[in-house]
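Going in written order, the chains are labelled A, B, C and D, and every chain counts its residues from 1.
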């Protein structure tokens, strides 16, 4: 990190008076998704992002259960048990969509062909390590699904999460304490309080919502550039 | 090899007064291809076998350039530059055929899904080693095509060849002197003079054509059971 | 593989599955789940099975019913814990079933390797996570990989949309999922389909599973379920 | 990959290919050979190319013309020597072109690995032959394998039958051959097609190459050749 980018980052704009709702955050992420890109939106909060991607942007959604060009949630008569997203929710087609089997679908992902993948997270380390599949509590039934494949599979892996856990602890951490999903894989973290770029040198604040950089530094126990 | 099978083999029937022509040999091989099996016929002489497989036998031909259910050579108006066999000869479809790309086609082969593959050969060792891609002469341009994939890719690999080279030497040998295509891969060798089963214990004569077992033993420099 | 058999009943289709078999079961959640074949397998009685599937059953139908019947010793899957996977959850907590969790893409690629004659492959997924403990690792061209081995099945039970009488298969929408991969990875592949059409009626350009991968086909009434409370 | 460009001419389609690039060229013999893209590449002038293709050219069209123009430093292929490969043969005998012979299935699987993010794979093909000299070998479950590495392209030039305006592709009969695999293995994939149709006209179940793998498309008049004296 050069002094110049440090100086820039130090002035990360506070773009809102209050923390963002998850819907507002979805809109912020949608804004950053380039025209015509191929995107996988993880199960849970990230699916909201689709609502903020206008058709004319030409973003094409991948769902790892075997489809490119996935459309919105199916309503009423549109529901077809043979057409669901990765969260097993019935969805619709978009024009120009295509179907493929699971090995081809994950080859597409693992081969680095997707531009962006947005995932939820329990913890993200400032070096990009991701923990989002297991809390590590004894007795939990382990279940990973496509999380580890997604974590290493897109050119850019974004995380969408609340910055603080219910107990007030920041989920952007020096080192994950929960079992890892992937190492050094996250390039950007979108949270209700701030957006961070991650890299080998650590976390850089891009913008904040309802919190000052000073407050952020106080509550997040990692060095923030 | 047990004494019993040795005794049986020692009485390998002489089924013809004269060596077979390649067309007659093709007919013999066709007779041994089980009903409904999936078969790849190598470039050259083995393609003749197709002429002796009646449609009601339900044998399905694979061509490694991406088709299952390949039909006969195309004639006249049937010629379509987009539909050829592995020898680049235009062919026709059969009902129920399917197309796939090269990685899928060779996965089908390498994965052991084909029942029988019939290949030509320069030399075959009595342990099943195959040499059929390069004479090893200096200055020759090496070219292997699908030979090595085919050699290891079917449940049974049959060889179809003349038993003797132009110089009179047997092509069924103790050990191949030409560069190998595959190791221990050939299970049966069909020649104009005799048919041999190969295995870890060596060659067993199944039947002969216009030659006695004694004569065969004289001219072929490997132990024949 | 030999000629495909077109059978009259799901019971004939699952005949001969031995105790202790490894059975690949298609479907992602309930889409593409071969319900009729699983029901027939329950009637058939084979036990001590190892099941390879993406999930470990939903509600009490399909795979969940097989688990409930006590026929399964071990499950290899990517995502056992779902909103309606209570049958598996109880068996697992009671120590009555073994579980091997495999990342979803590795599950697919390991079966693809089995079908394609690949001995093992270096895969970047899960490097640095608890799921690769004890596995061979290697850095190739600056990237870290884990060596993964094929998953081969004795049987595959899959659901497709239409078969012709040779056994060529096409699927429908995302119900395609694991079917085509599992068909290549099992010694004996058994497909339930909604339609059987005369040979020659499927477009050769659109066949997804060529007949070589299919041993037995049975036509059944389409049954559809959706996951209750799916996220 | 970013949005697919639908271009007017083959010259626009091959713009920017740098000297020294590795270019994957589709086709098995002449079926599926992207003639117009290769002709445009000759006009474009990139030299010192490494070409990955099944054959090393037939007659004096397509790949053979590119070789004849002296633009190719090295060829990776399975079967250079054909009845009508005299352009390659002369260059090779004159020591003016390098050759790496790769078994046909390994050529396909190594490109598939490149496209699928596999670091390397253990392959049974060619074990015990001169083509594996110096390669890492391993016995797995009693069978011998050789470790094979991905082949990645900077560009892929392929021919397909029809594209929609998003860049989804379908092929025709055995002209499909290497196209779908090469499309996944190159940084930039350029397809010549006989038809471009409005988005939504291709059957989603029958798309062979999804648009994500296709960067540039150009529509050209279909040209067909057959190999002279093919065996």
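Here is the rule we go by: contacts are C-beta pairs under 8 Å (C-beta built on N, C-alpha and C of every residue); 3 or more make two chains touch, one makes a residue touch a chain.
Not measured: the values here are computed from a predicted model.
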{"item": "Each chain counted as touching chain A and chain D at once", "value": "C"}
{"item": "Length of the shortest touching-chain route, chain C through to chain D", "value": "1"}
{"item": "Pair of chains joined by more contacts [C-beta pairs], B-C or A-C", "value": "A-C"}
{"item": "Label of the chain whose CA centroid is most distant from the centroid of chain A", "value": "B"}
{"item": "Between chain D and chain B, distance of the C-alpha-averaged centres to the nearest whole Å", "value": "29"}
{"item": "CA centroid of chain B to CA centroid of chain C, Å", "value": "35"}
{"item": "Whole-Å gap separating chain A and chain B, where each centre is the average of the chain's CA atoms", "value": "55"}
{"item": "Multi-chain contact sites of chain C, meaning residues that touch two or more partners", "value": "109, 112, 116-118, 123-124, 171-173, 204-205, 208"}
{"item": "Interface hub residues of chain B, defined as touching at least two other chains", "value": "93, 99-100, 106-107, 109-110, 152-153"}
{"item": "Contact graph of the chains (line, ring, star, complete, other)", "value": "other"}
{"item": "Pairwise chain contacts, counting only pairs that touch as defined", "value": "A-C, A-D, B-C, B-D, C-D"}
{"item": "Residues of chain C that touch chain B when the two form their complex", "value": "1-3, 112, 114-118, 164-166, 168, 184, 199-200, 202, 204-205, 207, 210-213"}
{"item": "Touch list for chain A against partner chain D, complex", "value": "34-38, 58, 60, 62, 68-69, 93, 95-100, 107-115, 153"}
{"item": "Complex contact set, residues of chain A against chain C", "value": "43-44, 63-67, 79-84, 87-90, 93, 99-103, 105-107, 109-110, 129, 134, 139-149, 152-153, 179-183"}
{"item": "Complex contacts: residues of chain C adjacent to chain A", "value": "28-32, 54, 78-82, 88-89, 92-93, 99, 101-109, 111-112, 123-131, 144, 161, 171-181, 208, 224-227, 230-231"}
{"item": "Residue ranges of chain D touching chain C (in the complex, touch as defined)", "value": "109, 113, 116-124, 138, 140-141, 143, 145, 149, 170-173, 203-206, 208"}
